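Should a chain be cited, it is by its letter among A, B, C and D, assigned in written order, with residues numbered from 1 in that chain.
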Amino acid sequence: PEKLAAFQARIDAGEKIEPKDWMPEGYRKTLIRQIGQHAHSEIVGQLPEGNWITRAPTLERKAILLAKVQDEAGHGLYLYCAAETLGVSRDELTEMLLDGRMKYSSIFNYPTLTWADMGAVGWLVDGAAIMNQVPLQRTSFGPYARAMIRICKEESFHQRQGYDIMMKMARGTPAQKAMAQNALDRFWYPALMMFGPSDKDSVHSAQSMAWKIKINTNDELRQKFVDQTVPQAEYLGLTVPDETLKWNDDKGGYDFAEPDWDEFFEVIRGNGPCNTERLAARNRAWDEGQWVRDGLLAHAAKRKHRKVAAE
Amino acid sequence: PEKLAAFQARIDAGEKIEPKDWMPEGYRKTLIRQIGQHAHSEIVGQLPEGNWITRAPTLERKAILLAKVQDEAGHGLYLYCAAETLGVSRDELTEMLLDGRMKYSSIFNYPTLTWADMGAVGWLVDGAAIMNQVPLQRTSFGPYARAMIRICKEESFHQRQGYDIMMKMARGTPAQKAMAQNALDRFWYPALMMFGPSDKDSVHSAQSMAWKIKINTNDELRQKFVDQTVPQAEYLGLTVPDETLKWNDDKGGYDFAEPDWDEFFEVIRGNGPCNTERLAARNRAWDEGQWVRDGLLAHAAKRKHRKVAAE
Amino acid sequence: MGQADPDPLFAFLCRMGDNTLVLGHRVSEWCGHAPVLEEDIALANTALDLIGQTQMWLGHAGAVEGKGRSADDLAMLRDVWDFRNLLLVEQPNGDFGQTMMRQFLFDAWHLQMLRALTGSSEPQVAAIAAKSVKEVQYHLERSGEMVIGLGDGTAESHGRMQAALDLLWPYVGEMFQPDPVDRAMAAAGIAPDPSGLRAGFDAHVDAVLAEATLSIPEGGFAQTGGKTGFQHSEHLGHMLTQMQWLQRAYPGARW
Amino acid sequence: MGQADPDPLFAFLCRMGDNTLVLGHRVSEWCGHAPVLEEDIALANTALDLIGQTQMWLGHAGAVEGKGRSADDLAMLRDVWDFRNLLLVEQPNGDFGQTMMRQFLFDAWHLQMLRALTGSSEPQVAAIAAKSVKEVQYHLERSGEMVIGLGDGTAESHGRMQAALDLLWPYVGEMFQPDPVDRAMAAAGIAPDPSGLRAGFDAHVDAVLAEATLSIPEGGFAQTGGKTGFQHSEHLGHMLTQMQWLQRAYPGARW
């Protein structure tokens, strides 16, 4: 209890908690869950965009998209490292992803159906992700905060690339413009869901905020996202698929329709359009890679043994 | 020896040998090899054309091609049945195909690279096949002769369809015409190889001809094929890729260049462009179908058992 | 693009034709790779029937639309969002059992639908349905027998068939969910309200699955978005890259 | 179409660019599916290098041709018979071991080739080679390490790597067989006679395979037809349906 108070005091004073520092079990567990889910989201998040790498329309677009997906793998790597400082291994976390004990962001259970989706994912999904992540650069756990700083820098680059794709599409041929609108129609509400249910329905929130693992409420961030995104859509000449959307002078922000939270909970339960495929793809990669990991380990052991024998 | 003379006398008299009749072991073995190879050729022959079913340019073309490949499977079926009357099972023959003990026509080890190849295969490959098969309608073994009658009827239909594709291409856009010429360039010599090496180099020939398992020499058939095909190519406005090709008034046929027999023997040895893939595809189909065959057999046994129990 | 289908008859005809087009394509992918020779032949038969039905449905769709588009134009020159097929039929083949289960679930719906359409107030729809219904009756018999044979076969075949059913069951609900297009068709007497087909479907499917010793998974969640075109699966776009290749690469050529 | 390549320099540049284009595409197919996260990243790196090299080679090819075709035009709007890549690089990925073996065999040739090209009489060729050679040096180190690690790993990994070597070895010969294009390049001092690269290739490959405890299969048969364009494998056409889809479906659009 004394330790706990001292711990809270450090957090309140804005100090960073480091891996070797004492921390309450709840703090550790919550962080493992949160960082792990975030890492898994980066890994699974490779799939919807990876789906278009082999169909990218130009060499340059292919290179940009490939580099972006590669960055996501890199983010996964930093985050697994940050989680490992809390005493859980990457392989343990991976197994929890693969057998469904741990989750990843619901957005990656939606399909990418046209090239415009590469724009929409960058613009809306990365946009929402940044909105979530920027405050986490100030999170109380040192390795997590530092990972977020690095990640945010790259994410905002990705978001600009996504917006650039949307721009090219929205200013392109009628078919391209239609594709862009179609992508916005499909990704708008799933992007709003990325902030999680309204805070009144959200578990864990209060404690996480006290621990500075969570900095803003879900509704604050969602509002901020809408306020930022609607003018961008207008600039593109695209229509946000929400007939109730309206500027509200009093609150200095937009009024907008809630996403369909039933759909959100179905996706979380495993009933999103692509849940089965995403997990199957990751499981296949893992299972079919077993012999590779085993082979490389065996070789490393042989090499070590030979070296020892030679000494 | 008396039996042998009587057997040869029946053949010379143009009688058909039927499965229950006595026959020399050599006759039986040669027929099993020949009919088996022919059956295997129909089965493996599904693959090069099957390669374009999912890319057929119109619904009608897709239906025609699918029906054709289906006919080939049907031919395989008749021929396996004919071979089974000689005391070898379809499964035994299949295993000999899959482990490389039995061969199939070398032509199917060439790739199909454009839609025009669907034309070239029908026109040249089926054309050469018919040339080989028409005389076999008069072969001495009854079930084989009857199978060939049925098959020849369908093959000549296929050949006309192939020629029709070539015609559409040769009279089409410049790109289509170029595709047609390219297909002829690639398939001409492999089609000539389908008649086998010159008779002077061909084993088994004399005995097979005495037995009326083989009716014409390889060179006779090849000459006939060239004489029939060259005017068809001219009609299409395509150039046979043989600079030495020339009408010879004395022999009343064309002089033409021999195919590269070294290439032929390499293909037979397993070094054709697609040998590995073709056998791998058939092996995969067989191996992955094991559970299906087992399941259906088990169900049939259960059903029989239940019926018996109920009686 | 997607939601607004201004002409419900055109949309309905595309739904029928896209189902047979896409499933026919999937089935044709097996060509030369089936577990037994007889199955290669049978699968080709099914695919051929479905392609023939596609020519009728999409041909009529083009005529109804009145913009001069042929069945081939509709098949080969629309992109994903304009397709109106059920999500079920665009699912990948998987193993032979998965292909057969997909076929069985589709056939069971298809037969109910076609039977109802033989009484359509639109003569051409009734005529196409009448031509198709016997073929599909046969498809259903065959796919049902396969589901039974493999479901009630070995432990392995049973396991695979149950896995196929678990995987594909969430795509069943979409067949019976009415939407504005369906309501317009029902109001005009052109097509039945799809929800009315469920009882017949369930009766047949339950009986076959029982004989196959297979259990329908719990939870009634239904994946949707195929027949409205709002959200197909990622598989359809990959299929189109193959199916439409030649027409896209050589526009205007005749084959 | 196929055999007659009127401008040998254009043909040579297409060979270089098509190799990197096609292999880069194949490697990019792994994205998100590699056996370890680090490998996902490493494969993406290799693919990125190869795409970058493609832009240079095909960009220069278009300039040399002088018909206003860009690197993208050449990549996205030619059909199979106009591709000039080695058969090796269009072979499917297979398992991770097969991908690594293909990479290793290609890298070993590629490095020899690029080193020679740094001394090309054509300044632009020399410049592209100079930019690429360091990347490829690194590719070869990596793929060689993988071949050794997996060849000399477990019994299973050894078996898979030997199978990959047996499968791919017949595609090695094509890299070193000179043809009229090569002879014209050699005569002009633009590129080396490829047969001269074999000794360096063999020395490196033999050493790595020995350390990997793998044996080169007997029989010197070489599959050919890729770099001349006479006869590619069936795999290339399927790759193009994906790679070229958008440019074919929406001609003239800008992305």
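One rule holds for everything that comes next: a contact is a pair of C-beta atoms (placed from the backbone, for glycine too) under 8 Å apart; a residue touches a chain by one contact, two chains touch by 3 or more.
Small disclaimer: the values here were computed from a predicted structure and weren't measured.
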Neighbouring chains common to chain B and chain D, by label: C
Maximum centroid distance from chain B, chain identifier (CA atoms): A
Of A-C and B-C, whichever chain pair has more C-beta contact pairs: B-C
Whole-Å separation of chain centres (CA-atom averages), chain A against chain D: 35
Centre distance in Å when chain A and chain B are each reduced to the mean of their C-alpha atoms: 57
Residues of chain B whose C-beta touches two or more other chains: 55, 175
Shared-contact residues (touching 2 or more other chains) in chain C: 79, 241-242, 245
Category of the chain touch graph - line, ring, star, complete, other: other
Full enumeration of touching chain pairs: A-C, A-D, B-C, B-D, C-D
Chain C partner contacts - residues on chain D that touch it in the complex: 79, 238, 240-242, 244-245, 248-249, 251
Footprint of chain C on chain A - complex, ascending: 48, 51, 55, 110-114, 175, 178-179, 181-182, 185-186, 266, 271, 273-274, 276-277
Partner chain A, residues of chain D touching it in the complex: 21, 25, 28-29, 31-41, 44-45, 47-48, 51-52, 54-55, 71-72, 75-76, 95-97, 148-150, 152-154, 156-158, 160, 242-243, 245-247, 250, 252-255
Sites on chain A touched by chain D in the complex: 43, 46-47, 50, 53-63, 66-67, 69-70, 73-74, 76-77, 80, 90, 115, 165, 168-169, 172-173, 175-176, 281, 284-286, 288-300, 302
Complex contacts: residues of chain C adjacent to chain A: 1-3, 79-81, 167, 170, 221, 223, 225, 230-234, 236-237, 241
